[in-house]
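Please find the structures below.
Shared between the two complexes below is chain A, which has chain B as its partner in the first and chain C in the second.
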Partner chain A sequence: MVQSIVSTGVAIGCIYALIGIAYNVMFSASRVFSFTAGTLGMLGGVLGSLFIAVMGLPVALGFILALAAGAVFGVVTEIVAVRPVLRSLDQHLYVLSTLALALIVQQFTAIEWGTDARPFPRLFDIARGAFDQQFWLPMLACAVVIIGLELLYRRTLIGHAFLAIAEDSYAARALGLPERRLRILSFALAGAIGALAGFAGGEMLLAFFGNAPLLTFYGFIPVALGGMGSQRGAVVAGLLLGLFQQAANFLVGGIFASVAVFSVFIIVLLARPEGLAGAGLQRRV
Partner chain B sequence: MDTPAAQLRPSHANALGLTFALGAATPFLLLLLIGIAFPLFGGGYWGLIATRACVYWVLVSGLNLVVGFAGQIAIGWVALLTLGAYATSVLAAGNVTPALPPFLALAIAAFIGGVFGVIIGLPALRLRTFYFAITTLGFATIVTQVALAWQSVTGGGVGVPGPIFPAPLSSQWGFYYLCFAFAALCTWMTANVGSSRFGRALTAIRDAEVAAEACGIAKPALLTMVFVFSGALAAVAGGLFASLQSYITPDAFTLDLSVLFFIAILIGGRGSILGPLLGTILLTVLPEFAAPLVAWSTFLYAVLLLVIVLAIPGGIAEMLDFKNRRPLETHRAIVPRPELLERLLGAIPDVGALTLEQVALSFGGVKAIDGLDLEIRRGQVHGLIGPNGSGKTTTLNVISGYYAQQHGAVRLNGVPLPLLARHRRAHLRIARTFQTPRIVGSASVLQNVMIGGTIDGSGTFVESLLSLPRHRRDESKLNDAAMLALAVVGLERLAAVCADRLQHSELRFTEIARALMLRPAYLLLDEPAAGLSAEEIERLGALLLAVARAGTGVLVVEHHPDLIFDICHRVTVLNLGKILAAGSPAEIRSHREVVNAYLGG
Partner chain C sequence: MKRVRSRLVMLIAIALVAVAPAIFGSFTITLMNYIGIYAMAALGLVLMTGIAGLTSFGQAAFVGIGAYATAWYTVAHGGSPWIGLLLALALTALVATILGVATLRLGGHFLPLSTIAWGIAIYFLFGNTDALGRYSGLSGIPPIAIGPLSFEGTIAVYFFIWAVLGIVMLLCWNLLDSRQGRAIRCLRGGTALVESLAIDSFRIRLAVFVLAALLAGLSGWFYAHIQRYVGPIQFDIDAGIELLLMALVGGAGQIAGAVVGSAIVTLAKNVLQDVLPAITSYSGQFEAVVFGVVFIILLQKARGGVVPIIKKYLPRPEQNVLPIKASPLPRRQRTSAPGQAVLAIEGATKRFGALAAVNKVSFEVKAREVLGLIGPNGAGKSTLLNLITGVLKPNTGTIVFQGADITKLPPRRIAAAGVARTFQHVKLRPNMTLLDNVLLGIYARTRAGFLAGALRLDRAEESAARAEALHQLRRVGLGDRYGDLAGNLPLGQQRLLEVARALAADPTLLVLDEPAAGLRRLEKQTLSDLLRDLRTQGMTIILVEHDMEFVMNLVDRIVVMDFGVKLAEGLPAAIRADGRVQEAYLGGVA
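Coming up: the complex of A and B.
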C-alpha cells in the first residue's frame, strides 16, 4: 500500500508540478496567471488519445503534434486573452478573459470529444507493475522539463532575456529586448509544457474534458505554496501535494481527500499568503 | 460672504436631486409593473422562466455587491446556491431533524449561507485576486463533491426533493409571486446599499484601495458585512431554486451556473444595479430563443464573457449612461472659494501637535529616512522639500501608516500613532492626498468627495439596507458637506460628472475636497502642484493658506519652490533622508548649502 501511495503520489505530483511550471512560465513573462494552465493539461491527454488511439498515428508523431497543439494554444492565449488586457493589469481583467478562453476550449472539447473519460493509449509495450510507465512517464517528463528549463535560463541568451523580462519588464524593454516576442515564446513554451503534463499523465488521468478545471486548481496549489515564479518551489510543493492527496485518498476516501487538500491549501495560504518560500509585498504608494 | 453660500445648495440642487432620483427609479418601477402583471400575458412555460429569473436575481443582486461594487472576483458563488438548496431541502424533508416548515428551513439556510459567505469570502482580505478566484473555484468543486458523498443527508447522486411552500404559494403563480417579492426586495435593498456610504466605500476599495484606507474605510469589517449579506441571499436563492426544481441532485449545480451569474454582472456593468438586473433577465431568457443551441449554451456564455471583457468592460450600464456622454465645456477654470471653508470645517478641535522623533526607515541597504525630527503645528503650512529620493514621500507614508518606521516615533499630542494602522489615521483627523490622484473613475465627482466623509456616518449597514431614517440623514448630511467641499475647491459645477472625464488638475482639487471632508486636524499633501498651471498653483496656495488659517496643520511635499516660499510658515529641506536645513522661508532661501544642492544659484 505504501508503495502504491508513493508511486501514484509522486507521479501525480509531477503532473501538478508541470502544470505549476506552466503557470509560472506564463506568469514570469506577463505578470498574469492564466486559467488556461489546466486546459493545456487536458488538451495534452485528449489530443494524445485522438492522434494515437483514434487516428492511429505513430506515438512519436502523435506526441510531437500534441505538444505543438499545446504551444499553439499557448500563443492563442497570449494574443486573445492576455495582450488585450495587459494595459490595465490592475483591473484584473485577465482573470476573466483567461477563464473565458479556458471555458470555451473545455466546452468545445466536451461537445466534440464527448463528456465521458476515454482511455489513453499505452505508449510502450513493456512490463506493468509498480514501475509501470504510467508512473515513470510523468516523472521523466518532469525531470526533463526542469533540467531543460534550468539549461535554458542559465546557459542560453534567450533564457537570460526571459529572466530579464521576468525581473523587470520595463528595464528589459528599455534595453531593447523584444518583450512582445519573448512573451509569445514564453506562452508557447508554457503551452508545450502543459500539454506534456497531460500527455505524460494520460494513462492515469485519461482523456477527459473535466480534467481541465481539476488541473487548473491542483496545478495552482504548487505555485501558490511554492511561491510564484519559483520552479523549484513548484516541484517540491507539487510532489508534496501528490503524496498528501494519495495518502488522504487511502486514509479517508477520495472525496474527503479533496476536502482535506483544499482545507490544507487554504490554511497554509492564509497563514503565508506569499507561499512557503515566496517574497513579500510590493510598494503600493 | 453669505450670498454665494446661500445660493449654493438648498433649493435648486435639491430639486435636481429629486428629478434625478425619479429618473433613475423609472426603469425599476417599469420592471416592477411588468413583473406584477406578468401572469396576465405570460403562459405557463414563461411563468417558469420568469420565476427562474427572479431566483437567479436574488443571488446575483447579492453577488453584485461582492463583484460589481467591491471588485472581488468570486467565481465559485454557485457553492452557496448549492449549500442553500441542500440546507433548505434537507431541513424541510426532515433527513436530520424533524421536518421543519419551509420558511423556517429557508431562514436557517440563509443563516448558514451567511456564515459560509464569510468563510469563502474572507480569504479575499489576505490573498491576491487570482488566488482568491481560484479558492472560490475550489470551494465550488468541493461542495458538489460533498453533496455527492454525504449520502445519508443529501441522498448522494439520487438527490432530495425540494421544499414545497404552503398554499397559496405552492401553485405556479403563487410561487412566482413569492420569488418575485424576494427579487423586488433584493433590488430595493441592494440599491439602498449601493447608493449609501457603504456602497461608495466598496467602490473605493475596488478602484482606489489606498485612498479608501486613507479615508478611514476598514476593509475587513466592510467586506465581512457584504459577504454575510451576499451569502445569505445566495442561500435563499438556493432554497427557492430547490423548490422550483422540485428535486435536486449535485449535477444541477455546475460551474456553468456560476459563470452565468458572473456574466450577468459583467454584462450589466460594475457598480450598477439596473445593469446586472437586465443582464440576469437577458441571460435567463436568451437560451429559450436558441433552443437548438442548448448543448452549446455554456460555450456561448464563455464567448460572451470574453467579448464583454475585451470589447465593453463597462457593460450595459455604461452603454445606457447617456448623461455622461454630453460634452463638457472645454475651458474650465478652477476657482476655489476659500471663504466657504469656515462653514465646511467648523471649529477644528485642538488635537495637539504632530511630531516625528528620530524616525528612521531603510529599504534594504538604502536609508530612506535617517533620524528625522519634525514638528507640524496646527494653523501653519509646513513645507517639505528636497531632491528626488530625499525621503519626502516616505515621510508622508510613515505618518499616514503605509510604512512602519524602524526607529523613532510619530506622535500626536504625545501619543504614538499605531504602526501601519492606515485607516485609524482618518479617525484621528489626519487626511492626505496622493502623488497620482487616487480616484474612483466610474463614480461621479460628488460621490468621490463623499467617500472622504465615510467615517462620519452614524447609521449601520442594516439601516442602509432598509433605508431607515438614520441612513437618509447620513446621506443628506454627506451630500451637503460634499457639495460644500466642492464649492470650496471650485469644482461644484462638475459634481455630477463622471470622475474619469476630469482633467488632471481637477482630479488634484477633487482629492483635496475629499480630504477636507474629514475636517482634518492635519492635512498631508503629496506634490499637490504637480501638473498644475501657474494660475492654478497660485489659487492652490491661497486655498492651502486658508485651510491653515481655519486651524488645520498642513504639510506640503513639493518641488515648486515658488509655492513653498509663498505659503509656508516653516520649511524643512531633506537630503538623503536627513534634514539639510529647517527654518522660515527667508532663512531657507539664503541657506548656502540648500541653494547649492537644490535650488541652484
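Coming up: the complex of A and C.
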C-alpha cells in the first residue's frame, strides 16, 4: 500500500508540478494567472489519445502534434483572454476571462470528444511492473522540463530576456526588449509544457474533458504554496501535494480527501501568504 | 430640471414593473419572478465585486444556504416560512462571517480562488447531508403566506418579489451615499489610503461580504418558496459564475446593473434553451460555450457593462445636494502648549536589506510649528514619513506622538490619534466626487453605522459632515467644483484636494509629502497662505518639499537628510548657510 501511495503520489505530483510550471511561465511574462493551465493538461491527454489511438499516427508524431496544439492554445490564450485585461490587473478580470476561455474549450471538448473518459494509448511496448511507464513518464517529463527551463533561463539570450521581463517588464521594455513578442513566446512555451503534463500523465488521468478544472485547481496549489514564479517551489509543493492527496485518498476517501487538501491549502496560505518556499518577493525600494 | 428628468426615468421604470402583469402572460411573469430573485443575489455581487472589488465565485453557495435553511425548517419541521426567512438570513450571515474572517485577509489572487474552494465545499455539503435529502434535495416546500393571504399565484408573488427588490435597492443606494458606503467605495484601489483615513479596511470588507451574503440569503428564501424544491445542483459553482456574469453584464458598480444583468442573462438563457436543441443535440454544453464567448466579448468590448452605456443617454442625476444649514462637527481638543513636542522621533532606523533608508534619525516637532524636511532624492524623507504614519515599522527606535508611543501602532490607529497625511504619489478615488473624497477624511469624526446609513437616520450628521467638507474644499480653492469627479482634476489641484481631505480629519499633526509639486505659482501662494493660517490656528505641520523658495518662506525650522542620516537641523537662515547642506545639494562644488 505504501509503495502504491508513493509511486502514484509522486507521479501525480509531477503532473501537478508541471501544470504549476505552466502557470508560472505565463505569470512571469504577464503577471496574470491564466486558469487555462489545467485545460492545457486536459488537451494534452485528449489530443494524444485522438492522434495516436483514434487516428493511428505514430507515437512520436502524435506527441509533437499534441505539444504544438498546446503551444497554439497558449498563444490564443494570450491574444484572447490576457492581452485585453492587462491594463487593469488590479481588478482580477483575468480570472474571468481566462476561466471563460477554459470553459469554452472544455465544453467544446465535451461536445466533440464526449463526456466519458476514454483510455490513453500505451506509448511503449514494455511489460507492466511496479515502476510502470504511467508512473515514470510524468517523472521523466517533469525532470526534462526543469532541466530544460534551467538551461534556457541560464544559458540562452532569450532566457535572459524572459527573466528580465519577469523581473521588471517596464524596465525591460525601456531596454528595448520586445515585451509583447516575448510574452507570446512564453505563453507558447507554457502551452507546450501544459500539454506535455497531460500527455505524460495520460495513462493515469485518461483522456477526459473533466480533467481541465481538476488540473486547474490542483495545479494552482503548487504555485501558491511554492511561491509565485518559483519553479523549484512548484516542484517541491507539487510532489508534496501528490503524496498528501494519495495518502488522504487511502485514509479517508474521495470527497473528504479533496476537503482535506483544500483545508490544508487555505491554512497554509493564511499562515504563509508568500508561500512555503521562502521570503517571497523582496520589497522594491 | 435634471433632477426632474432623472426622477421621471425612475418613475417610468417603476410603472413598467407595475403594469407588466396586465400586459404579459403568466410565462413572462414567471420569468420576471426569477429575474427579480436573481437580481437580489446579483445586487450583493454588485456591492462586493463591482464596488468593493472583492471578486467572489461563491455567491450561489449563499443563495443555497438561505434556500436550504428555510426548506429544511418548513419541510422537516412544518414551520412558518417567515421564521424560515429569519433562519435563512441568520445562517447566511453566520457562515459568511466565519468564511470572511478566514479568507478576507488573503491578498490579491487568492481571495477569488478561495471563493471557488468554499463554493465547491458547500455544494458537496448539501449533496452529502442526509437531513437535506442528499443529491435529490428537498421538495414539498410550502408557498409564502400572510395569514389567509397566500402568495401562491404567479402574479401575487410577482408584486411581492419586485416590491422587496425595490426596497433593498433603495436601501443599498442610501447606504452607498452614507459614511460607511463611502468607506466601501474607497476599498477599491489599495489599502494605503483606506488605512490612512482611520478606516478599518478588514472590518469594512467583512461587512460588505456579509451584506452580499444576506442579499443572497434573501434571494435563496424566495427561490425555495417559489420553486418549492431545492437541490444541490442549483447552487453549484456554475451558478456562482452565472451570478457574477449577471453583475458584470449589467455593470458592476451600478445598483441598477443587478436588475439589467439578471434580466439579460435570464432571458438569453431562456432563448438559448429554445434555440439550441434545434441546432445541436448537446444543448447543455453548447450553452456554456455561448456564455463563455459572450463573457470574453463583454470583457473586451464593454467592460463597464450595459448600464453605463444606457446612462450616457440619460441625464446625470444631481449629486451631493448641499446642506443649507448644519450644526458644526465637534473639533479635536489640542492639548499641547506651544513649544511642547507633539512628535518625538528617537533613533529611528529602517533597513531594506543592506540599505539603511533611515539611519538613527532623531528630532522633535513642536506644537504649532511648521517643520520642513528636505534633502536630495533618495535621502529617506518619504520613508521617514511612512515610519511616522505607521505604513512602515522601524527596525529600531521609537516614535512618540503627544506622549504616547505609536511606534508599533497600525496606520489607522495613528490616523485616529490625530495624524493626517497626503501622499507623494496622489492617492484619490478618481471616480468619486471632490466632496466625497473630502468626506472620506471626515470618516473618523463621524459615527453613523451601516443600518443608519441605509435607513437615512444619519442625515443630521451627514449634513454637518458635508458642510465641513465643503468648508475645507473652499479653503484650498476648490469650493465651486465640489460635484466634479476627482479624476478630472489636473495633478496640482489633486494635491490640493488631498490637503483638503487631510484637513477634514481635523488633525493635530498634518504630514504633507511634496504638497507643492506640480502647483502653479499662484496655487503655491494660496497653499502657503493656508498653511500659515493653519499654524496660527494651532495645527502642527511637517512637510517634505523640494521647492526651496516655498520651504524657506514658510517653515519655522528645517531638518536636512542625506543618505538616511540627519545632516543638519535648524532655522532656515542657518540651514541656508550650512556648508554640509550645500555640499549635499551641490556635490561639494560650493
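Convention: the second predicted complex is superposed on the first by the 277 of 285 C-alpha atoms of A that agree within 3 Å, B and C clash if a C-alpha of one lies under 4 Å from a C-alpha of the other, contacts with A are read in each partner's own complex, and residues count from 1 in each chain.
Everything that follows uses one rule, which is that a contact is a pair of C-beta atoms (placed from the backbone, for glycine too) under 8 Å apart; a residue touches a chain by one contact, two chains touch by 3 or more.
A quick note: this is a predicted structure, and the numbers were derived from the prediction, not measured.
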{"item": "Room on chain A for both chain B and chain C (clash or fit)", "value": "clash"}
{"item": "Which superposed partner A:V95 touches (first chain B, second chain C, both, neither)", "value": "both"}
{"item": "Which of chain B and chain C A:A224 touches, first, second, both or neither", "value": "both"}
{"item": "First, second, both or neither for A:L57, with chain B first and chain C second", "value": "neither"}
{"item": "Partner chain in contact with A:A81 - chain B first, chain C second, else both or neither", "value": "both"}
{"item": "Which of chain B and chain C A:L243 touches, first, second, both or neither", "value": "neither"}
{"item": "Touching partner for A:F33 - first (chain B), second (chain C), both, neither", "value": "both"}
{"item": "Contacts on chain A seen with chain B and repeated with chain C across the two complexes", "value": "33, 80-81, 84-85, 91-93, 95-97, 99-101, 103-104, 107-108, 111, 217, 220, 224, 255, 259, 262, 265-266, 269-270, 273, 285"}
{"item": "Chain C residues within the chain A interface of the complex", "value": "53, 55, 102-103, 105-110, 112-114, 116-118, 120-121, 124, 128, 189-190, 241, 244, 248, 280, 282, 285-286, 288-289, 291-293, 295-296, 299-300, 303, 352-353, 355, 357"}
{"item": "Chain A partner contacts - residues on chain B that touch it in the complex", "value": "71, 73, 75, 123, 126-131, 133-135, 137-139, 141-142, 145-146, 148-149, 210, 255, 259, 262, 266, 295-296, 298-299, 301-303, 305-306, 309-310, 313, 393, 397, 402, 434"}
{"item": "Contacting residues of chain A [partner chain B, same complex]", "value": "33, 80-81, 84-85, 91-93, 95-97, 99-101, 103-104, 107-108, 111, 213-214, 216-217, 220, 224, 253, 255-256, 258-259, 262, 265-266, 269-270, 273, 284-285"}
{"item": "For the chain A and chain C complex, residues of the former touching the latter", "value": "33, 80-81, 84-85, 88, 90-93, 95-97, 99-101, 103-104, 107-108, 110-111, 217, 220, 224, 255, 259, 262, 265-266, 269-270, 273, 282-283, 285"}
